[in-house]
Structures are given as structure tokens and as C-alpha cells.
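All remarks here apply to the structure that follows.
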Amino acid sequence: MNEEPVVGFIVGSKSDLKFVAKGLRLLEDFGIGHELRVISAHRTPDVAAEYALGAEAAGLKVIIAAAGAAAHLAGAIAARTTLPVIGVPIPSSDLKGLDSLLSTVQMPSGVPVAAMAIGETGAANAAILAAEILALSDPSLAEKLRSYREQLTEKARRTGAVVSPAHEE
Amino acid sequence: MNEEPVVGFIVGSKSDLKFVAKGLRLLEDFGIGHELRVISAHRTPDVAAEYALGAEAAGLKVIIAAAGAAAHLAGAIAARTTLPVIGVPIPSSDLKGLDSLLSTVQMPSGVPVAAMAIGETGAANAAILAAEILALSDPSLAEKLRSYREQLTEKARRTGAVVSPAHEE
Amino acid sequence: MNEEPVVGFIVGSKSDLKFVAKGLRLLEDFGIGHELRVISAHRTPDVAAEYALGAEAAGLKVIIAAAGAAAHLAGAIAARTTLPVIGVPIPSSDLKGLDSLLSTVQMPSGVPVAAMAIGETGAANAAILAAEILALSDPSLAEKLRSYREQLTEKARRTGAVVSPAHEE
Amino acid sequence: MNEEPVVGFIVGSKSDLKFVAKGLRLLEDFGIGHELRVISAHRTPDVAAEYALGAEAAGLKVIIAAAGAAAHLAGAIAARTTLPVIGVPIPSSDLKGLDSLLSTVQMPSGVPVAAMAIGETGAANAAILAAEILALSDPSLAEKLRSYREQLTEKARRTGAVVSPAHEE
Amino acid sequence: MNEEPVVGFIVGSKSDLKFVAKGLRLLEDFGIGHELRVISAHRTPDVAAEYALGAEAAGLKVIIAAAGAAAHLAGAIAARTTLPVIGVPIPSSDLKGLDSLLSTVQMPSGVPVAAMAIGETGAANAAILAAEILALSDPSLAEKLRSYREQLTEKARRTGAVVSPAHEE
Amino acid sequence: MNEEPVVGFIVGSKSDLKFVAKGLRLLEDFGIGHELRVISAHRTPDVAAEYALGAEAAGLKVIIAAAGAAAHLAGAIAARTTLPVIGVPIPSSDLKGLDSLLSTVQMPSGVPVAAMAIGETGAANAAILAAEILALSDPSLAEKLRSYREQLTEKARRTGAVVSPAHEE
Amino acid sequence: MNEEPVVGFIVGSKSDLKFVAKGLRLLEDFGIGHELRVISAHRTPDVAAEYALGAEAAGLKVIIAAAGAAAHLAGAIAARTTLPVIGVPIPSSDLKGLDSLLSTVQMPSGVPVAAMAIGETGAANAAILAAEILALSDPSLAEKLRSYREQLTEKARRTGAVVSPAHEE
Amino acid sequence: MNEEPVVGFIVGSKSDLKFVAKGLRLLEDFGIGHELRVISAHRTPDVAAEYALGAEAAGLKVIIAAAGAAAHLAGAIAARTTLPVIGVPIPSSDLKGLDSLLSTVQMPSGVPVAAMAIGETGAANAAILAAEILALSDPSLAEKLRSYREQLTEKARRTGAVVSPAHEE
């Protein structure tokens, strides 16, 4: 992809990567320039801080941060930028992401994180939300989004129609 | 306020209004045109549907939806627009908003809702996130946001310094 | 099945179908005309709205809606009909249906959804509840239900008796 | 009220009565004959059993059972009748009704209970669901229900319109 | 086993049997006469009622009831006897026994159930608690219990000593 | 009270005393000799150990232990006696006794604790369970228990009958 | 207090101060030099980073961090120092500190935070744990700690003895 | 290893050993003398008491206690020593360690336990926290810790850099 990255997609550890593949593919499908980084709020806090502080100058518009357990990554980024930050709670091995969700969403007044659903679904939706945000000033992306939604609806409509012919026909 | 509304702030019932006052004040402070509506996904589904379908044409850029319990309002809006939708879980009387949070955040793939913290804090942060999104194409709003964040930081810094003189001085 | 459908059984996505097979078989065993549809409150909200609005005219008496995570399907239907709506929380991958249950059951005053147990058990019970409702004006169905319950009891009684001969003999 | 009772509304203890007043008023508003009883699945199991076994012969069509904590009342009734049984989880003092909800909704295959939301809201919705069920064979009640829903919608619509004049006008 | 049953061990369904094998073996090891029955509070409520009402006359001293989900079995028995009733929450497929535990333990004032841990551990401990209760008037059983506990302790002590020779030696 | 204590009722701290008054009164009503002690598993572990080790020789038959939060008291007693130990989870200030309940009930294989409901209800039921256990070898206590249960039933029956004259009359 | 601070006690916001008074008093009672600061991981991330990075050079040995909701403060400090960091979850208004606890305790491998109980109790225990850590190389503090524990035990022992004279005398 | 043990690492049962291997390896890597013991607070309470009481005299500085379900081990040790005690909640089979965590962390005022994350991660972090505590009076260990952290950071930094070359270069 040759686009300059406008979406920074970061995950807290390599093991989180398997949850974000669909989200990355959606960004590509939308033609949104993006970069993928593994940055840990706890193991590489300086990298996280620099990333957040430099994001705007680097041309980023939206940051997606996916992390599990005591999931501080999105919050740590949001603390150092006024760009929109989207948080994806990665399911943890024992508490299944309830910890990740609460750590991501319960941010204090003044520093919002836009929390998505737990896991792969959330990562995909993060990409779509990023597209929705960027589409506000990009009519062609807005068009792509509408078309994506129509396909989604059309596919779901066909799936539904097939199952059992019924009273609407 | 004379600004054309670009943020639609809707709540599921009148009793939710007390949780969103600070969020509305922030929108005003940022000079962001907005409107406030009480729309119920369950009692007035048609109004919700029309609101969502007409939002873009009406000039809205971001929709904030606050609701409690089986909190479907944000999701019902998100299902009918590709504008960014921010969901605020209102605390319910018995389960204290855990139901509202899960109903808001656990959206299916394809239809994102940006979930905020439960209650008043979440409503305030919804306003700030809306500002962050709008600021991507509004440099003066971006400036206001940075200034807001600096004041927040400055105030917190002063609060911290007062408590007990310590090693950093 | 040649019966006109009186029960509309809808699921939020194709992946939910595996949880509802037993429920559908029960409807067939009771000789209750029914139809199966995949309708998503979020991906095909218009279909859901039309379905709910047209249900009564189409001859439906009861609607069963099964969905997972931020499970809005039953509520979205209930918002647009005064037919009895039964909600089945489908287990979600991480939170195991706690989210689905709360999203289904915690409906606001005025718009009830009859929530069942999470998963396959709930889908089976939804079919039985539908039969109980329809049996109020259908004596032969009432008879079938009583007979079904007696068989259930008899089978459970035999199971219990076999395990270990004891003081009741 | 002179109507023969067709809805049996039972609560597990006197202290639960304060949660069901609105539900009872709704039944009265709909002109649905009903009776109110305090029956405990644990303190008066025989009364519960007799009530369930005699319900159909006594002319009841629907039973609403409200109870808290290890809320077995609805299940104990459902175990002995094939009439539709609606369960209302009453909030418990410490766990706030999460125990009541799970004890009510997680019924085994074969014996459904239609669970409502926790507390007063659930009791009100139980009355409406009972009305929806009875309306299937009572056109004038169906008409009342539609009218009730329209008023609900109309009232909610007016509430919403007042708050802040906006783009729809 | 030739002993007259003094412990009634009942489970809510055949699928619960796999969780109680160790509990039954312990009763046998202690030489406590017992019987095993499958009785469902919801599918065979009459059997449950008769069992509870006849338990004392049949010579039972303690009843152990194991059930899952909306686990009413122990409570339904306790409602009809003043013999000690021990409840074992069987893990449910989705909520993992949290529902079973709360349904078992949160009994109302006047009708106690002695709740054990969730699953196989709880079933084993139910057998031991039954033995502890019976041992109050059976010195030889008391002796067996002390000996069992000593072996448990001795075995655990040896396990611990083996791992890593340390400062206590 | 002149009876030799056969029930040892211990609470983890003075602040727990307000939850156990009804339980103590029930023991008195049943004429069961008992003693009340404040013993902390964490602040006075030696006292707890001595109490448990000396309980049988001191004539105790049953020990009731009420504690909150990381509620180890019942388990610490049960670890050092083979007398039946009943645990009462005291509601904690923030988690409302969910922590107390899980700490009390989830005992490992070999060392049972009979867990009661959270709070005052559980303390009352602990007294009744103790009575049920002691009644196995005390016919006059058994008679008192049956009479207590009958009064409970009778009172509940009268309460229920008063509310609303209905079909059973 | 003239002691050089060796314990840094920081709280996330001014509203958390009411929970930590007892903890501070304990540090004073132990004669442990300490400082109190209000530092927010999200509103003043630079202050938090500098504080953590400068802590060792400033002579601090242990850092106590108390925060609520998405409680990242302890983790943010722990990410930038190898001094022991103790985390105190402050109760949040809706979820009562469950969010704070999980955000504090579920730290990733490599960056530990020592989590205490929720609220005031946890803040007091944080002070004691800090004393225990410092006492490892400070015999007079170790002596104070032993004396404190003995007083705690003695006071609890006296409390327990008073309630009801019993078999141990 | 020839070092005198200064860290006592104890687990509640043999089945917990698989969760602590990484923690033990870390202690070895840091060159910290340690011993491993299986001690059950419930099956071998005397061993636990003796271990705690003798720990200081035996030269131990820190005790790590890992246990599951009603996890009392850490608390039982902390009740009898003023050495720092670190608790590791082992995941339980049904509740996945939520019970273990609450039983470990919610200690009463006066007797702290330093709770770690659930499972293997927590056991590893317990070892690191022990090292952090010991390093306060052991400069060479402090150096090892800093080096360990640097390697952790370096490795995480390299992982992150590889994924997708981006704007920071």
C-alpha cells in the first residue's frame, strides 16, 4: 500500500495480532493508508508516549489501540494526543476480556477512548469507525462506506431470504 | 446558540438528561453547534430511524446517543447511518450500568458504536470525542481542544503540586 | 410443513442457526406453522422493521428472536409490534451470553421482551412458550402441550427410578 | 374490579409488593381481571403447587410471578402448569437482582419462564406481555394495547420534541 | 451396599451424574448408606415434593441435591423438610455455574440450603459435610472422618515435602 | 441463657455483629446453647486455630462463622475440625458480598464449608441449619423446628390470603 | 514530619484523597518519610512519567498509587521504574471498584503492580505493605511492625473475649 | 542452586505447579535463592502456620503464595508474619480465577497481601516483585532488574519495529 498512513493501528503485544487481521484488511479495502505497530504501554512506555506525541505531526488522523487484561494502551495514547483514539479490548485468557473492556472504556473525564466490542469484532469495527471519521472530510471514502454498508445489508438480506420462504413474498 | 447543529445529542428518556449536562456544556464551550433530543429506540423507533436516516442531510457530522439498561439507542442509530455514532451507557437502577455498557459496546461486525464510560463521565467524554473528530477538519477547533487539554493538565498539575511539597522541587 | 406460519422465528445471523434447531423441531412436533428468517437488527434494520410491522397482517401470533452480544433483535421487533415477542440470548464468544442476556431482558417500561435462558435451551423453551401462548385459544394444541409435559415428566421419572432402587419402592 | 381473574399475579413476599404496583395498575387500565397473591415457593410450597395446578381450572390464562434472590417462584409455578408463566426478578439487597434474574431466566429445557427486566420495570412489562398474550384472542384488548402503545409513543415523541428545536422541523 | 440409606443424593438430570461420582465414592468409603436419584424440580416436581415429604419417614437424615442453571432442586427439597439439605451447584454450559451457585445459595430466611463449591469439588465436599453431620451421633463415623482428614493432611504434607528440600528440615 | 453452648457463633469483626442478631435470637428461640465470639482469621489466627482445635472437646457440635470480603474465617475453622462448619458471607462495602460469598463457598475438596446466603438472611438460616443438624439426635428440637416451619408457613399463608380474595376461596 | 520521603503516595485525583487518610496516618505512625501527590496518568501523563523516572534518584523506595475506574496510574508508574509499586483500586461510582481492581491487578508479564483491596482498606494495607518492604533492611521499623501487629491482635483478642464468656475460660 | 532461600514460593496444591514454572525460572535467572513448597491452607493448616511463623528465622525475606478458588493461602501466611506476602490467584476450573482473585486481594485492614494478575502471568510478576523488593538492599540485584527491564523493553521495541515500517523512521 502506498498511501501515507493516516490511521495508526497499534497492538499491545505480538499475540494480539491474530485478533486484528480483519480490521487491517478493512482499512486496506477502504484504501485508507495505515501502519501497524506493536507498542506496549507497560514494556515500552516511551515508545507509546513518542508515538502519541508525534502522531499528529506524522500525519495520523486516528489511532486504534488494541490491548488485553489491564489494557492501558488506548488510554496511554489518548493521554498524549487530541486525535480520536479507538480502543479494542483483546480477550484475556482467564477473564475473557471483561478486564480488558473495563480498563479500556472507563476513562476519566477529559480523556476519551472510543471503546469497541471485545476481540476480532471490535478490531473490525475500529477500522470502520476510523473510516466513518475520515469520511467526514473525504466524500469518496464516504461513498465507499455507504457502498460497504449496502453490501453488508444486501448480503444479510439474501442470507435471511434463503432460509425459509415466508409471508413477505 | 446560533450555530447550525453538527452534533446530534440524543438520550433515551427524560430521566437520562441529568447525566448529560456536562457533556452539553462542553459542546457549548467548544462552540460546536448541537441539538438535544429525547428519542427512544423502543418507544419511538420510527423517530430514531428517521433521525438516523436524515442526520447526514440535516448537516449532522456526529451523533451521541445516551441510554440505559438494554441500551439499544446508539446501535439503532448506527444501524441506519455511516456517520460516527458515540454511545454513552447510562447507569441503570439495579445493575448500575453494566447492562447499559454491554448493550452499547458489544456491537456486531460492520456497525460500530464508540462506547464511552458509564454515566456523566462518559457523556462529557462523548462531547470531547465529538470535538476531536470534528477538529480533524477544523483547525480552530483543534486549537481549542489543545487549549482545553492544556488547561486540564495545568489544573491537575497545580492540584497535585499543592498537596505535599516533595522531591521534584 | 403446510401450516400457515403463526410463529416467526428469526435469528440475528447465520451463525446463530445452530442454537435453534431443537426449538424449530419442537414447533414442528407441536404442528405449529412457523417460518425461519435471518434478520439483523443492525445490518438489516429495515427488514427487521418491516417484519415487525407486517407480522400481524401476515398472520403471525408470536415472534421469537434469537441474537447474541449487543442483542437488540428482540427489542427492535418488540418496539414495532404488540404481538408477544420472545427473546433468546445467543452465547457470545467471549462473555458467554451475559451480554446477550442483559441486552435482551433489561427492556424499558412499555416494551416487553420475554427472555429465555441462554443458548439452545432457551431456543427450545421459546418454542414451548410460543405453544403455551397459542394453546390458550387452541384446545388441541393445549392437549399436545399437556401430553408433551407428561412425556417429559414420565421420561424424567423413569430416568430417576433407574439409577438406584431406594426407599420409595 | 368485577372481572373474573384471568391473570394471576403472585409475589414471593410482602416486601415485593412495592415493586409491582405499576404492573397491577396497568392490568386494571387494560380491564384485565386479575388477582394478587403472596405465595412463597419456599415458605408455602404447597400453596404454590396448588395454585399452579388449579390455575387453569380457575380460569387463569397467564401467571406472573415476582420474586427475589434464589427466585424460584416462577419456576415452581411453571413446573406444574402449561399456562404461560412470566417471571419478574425482584432486586435483592446485596446482589441487586443479578441472583434473582439468573434464578428466573436460566430454566431447563421443557419448562419455560418468560423473564422480564429486574424490578418495577419488569413488573410493568409483565402486565403488558400478559395483555399481549391475551389480546391474541381478544380484539378489543388488542385495540387497547395498540392505543396504549400509541400513547406511549406519542408522549415520548412530545417529550423529545420539546427539549431542543432542531433540524427536523 | 447393604446399609439402609441415610443420605439421599439427588441430581437434577442425568447429565449431572458425571459431577457426583467422587461424592458417592466418599459416602461408600465412609460406609454411609445412601441412595442416588435423578429428580428434577421442574420436570418432576411431584417426585421432588414426595421425596422431600417422605424423606424423614424413609430414614433419611441428610439430603444432597445437585443441580445446574436455575438450580431450584435443593431449595424445592428444603421447602418441604426440616432435614439438613446440602446444595451442589452444577456448572452450566455458558455461565459456568455462577447462575447455579446464586440459585442455590441465596435462599430466603427460614429455609436454609447448605451450599457447596461449584462442580465435582462441591459434590465431594457435600458427602464429607453429610458425614460430619452424621458423625455428631455416630462415634465410629467420627473416627473415620478424623482418620480421613489425617490421611488428607498426611498426603498433602508429603506432597509438599517432596517438591523442594528446604529450611524446615 | 444457661444451656451449655453447643453452637459456636463467631464473626470476623465487631462490625459484622449487626448482621447476626436475628440468627442469635433464633438459636435462643430454639433453646440451643450457644456462644458468640469475635475472632479474626487474619488478625487473631491463633485464636481461630485454638477455637477450632478445642471446639469438640468444649462440647460444641456446630460452628457458624460469619465474615466479609476475603472471608477466610469459616475455611480457617473448617481446616482444623471435622465438626460441621457453616459460613455466612457478610456484605462488603464495595463488592456487596460477592467477594465474601466466593471466598466462603469455593472451598477445596476435603474441607467443606456450608455456605449460606449473603448477610442477615444467611445468618438467620445458619441458625436454622444448625438446629436442623442438632435435631437429628434431639427429638424435642426436631419438634420445635417443625413447629417453627409450620408457623412460618402459616404466617406466609395468611399474608398471601389477605392481599386479594381470589379463585381459591 | 521531617523524614526524607521514602514512600511516594500518589492518587489519581483530588476526590480519591478521602480514601487514603488512614494509609497516610499509618505511614506517619511508623515514622516512614513520605510525600503525597495528586498525579493523573491521563491528565498529567508527563508528571507521572517524570515522577516514576525520578523516583529512585529522589530517594524513594516504594510507590503507592491509588486510582479508580480505568485505573492506570499504578501501571503507568510501574512501567517506568523497577521500584516496588503498590496499587490501590479506588471505588468507582457505578461499578464500585471492580473496574479499578481489574485495571490495577491484571498487569502483563514483566511489569508487576502489587494490588491491594478496594478502597480505604486497601490504602491502609498499602502503607503496611510498604512498611513490611522497608522493614527488611530496617530492624527498628521491623520492630514497630511486629508491635503494631501485636496490638492489632491484642485489640482483636480483647474485642472477641468481651462479647460472650465461653468455653475457653 | 546453592543460594540460601530468601524467597519462599508456595502453592496450594500440586495442580497449581504448572502455573508457576516461569516465576521460578525468573527467580533463578535473578540468582535469588528460593524454595518451592506445596502447602494447603485447608489441608495442612499447621504446616502453613509453622511455615509462616518460622519464615523470618529461616532467612526468608519474601513469601509468594499461589492458590485457587477460595484462595486463602496467601492470607493465612500473611496472618502470621510481617514479611511481605505476594498472592497469585490460580485460575479455577469454573469461575476462571475471579473467585481466586477476590479471595486473595480483598484482605482486611492490617494484614496486606500483594495480589498479582491471575495465573502464569501473575506468578511471573510475583517473582519480579520479589526481586524489586530484595533489590532495595541489594545493588547488584537492582542492576540485574534494570537490565532485565531493558531487555524486555528492547525486545518489545524490536518486535514493534518489525511489523510495519512507519512514520517514526
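Note that the chains take the letters A, B, C, D, E, F, G and H in the order they are written out, and that residue 1 is the start of every chain.
By definition in this document, contacts are C-beta pairs under 8 Å (C-beta built on N, C-alpha and C of every residue); 3 or more make two chains touch, one makes a residue touch a chain.
Computed from a predicted model, the values in this text were never measured in an experiment.
Undergrad: For D-F, which listed pair, F-H, B-D or A-B, repeats its interface with over half of the contact pairs the same?
TA: B-D
Undergrad: Rounded to the nearest 5 degrees, how far is subunit C rotated relative to subunit H when their C-alpha atoms are superposed?
TA: 180
Undergrad: Centroid from C-alpha atoms only, then distance subunit C to subunit E, rounded to Å. What do you get?
TA: Chain centres of subunit C and subunit E, defined by C-alpha means, are spaced 35 Å apart.
Undergrad: Hey, how far is the Cα centre of subunit B from the one of subunit E, in Å?
TA: For subunit B versus subunit E, the centre distance works out to 52 Å.
Undergrad: Just how far, in Å, is the C-alpha centre of subunit F from the one of subunit E?
TA: Once rounded, the distance between the two centres reads 18 Å.
Undergrad: Hunt down the residues of subunit D that sit against at least two other chains at once, touch-wise.
TA: In subunit D, the residues touching two or more other chains are 13, 40, 43, 69-70, 95-96, 98, 105-108, 110-111, 117-118, 121, 152.
Undergrad: If you go through all the chains, which pairs of them touch?
TA: A-B, A-C, A-G, A-H, B-C, B-D, B-G, C-D, C-E, D-E, D-F, E-F, E-H, F-G, F-H, G-H
Undergrad: With touch defined as at the start, can you tell me which subunit D residues reach subunit F in the complex?
TA: Where subunit D meets subunit F, its residues are 5, 8, 13-14, 17, 35-40, 43-44, 46-47, 50-51, 54, 58-60, 69-70, 93-96.
Undergrad: Within their complex, state which residues of subunit F touch subunit H.
TA: Contacts found on subunit F: 12-13, 40-43, 45, 49, 69-70, 72, 75-76, 78-80, 92, 95, 98-99, 102-108, 110-111, 113.
Undergrad: Under the stated contact criterion, what part of subunit E meets subunit F in this complex?
TA: 22, 61, 82-84, 86, 101, 105-112, 114-118, 120-121, 124-126, 128-129, 132-137, 142, 145-146, 149, 152
Undergrad: Going by the contact rule at the top, pick out the subunit C residues touching subunit E in the complex.
TA: For subunit C paired with subunit E, touching residues are 91, 96-98, 117-119, 121, 152-153, 156-157, 159-161, 163-168.
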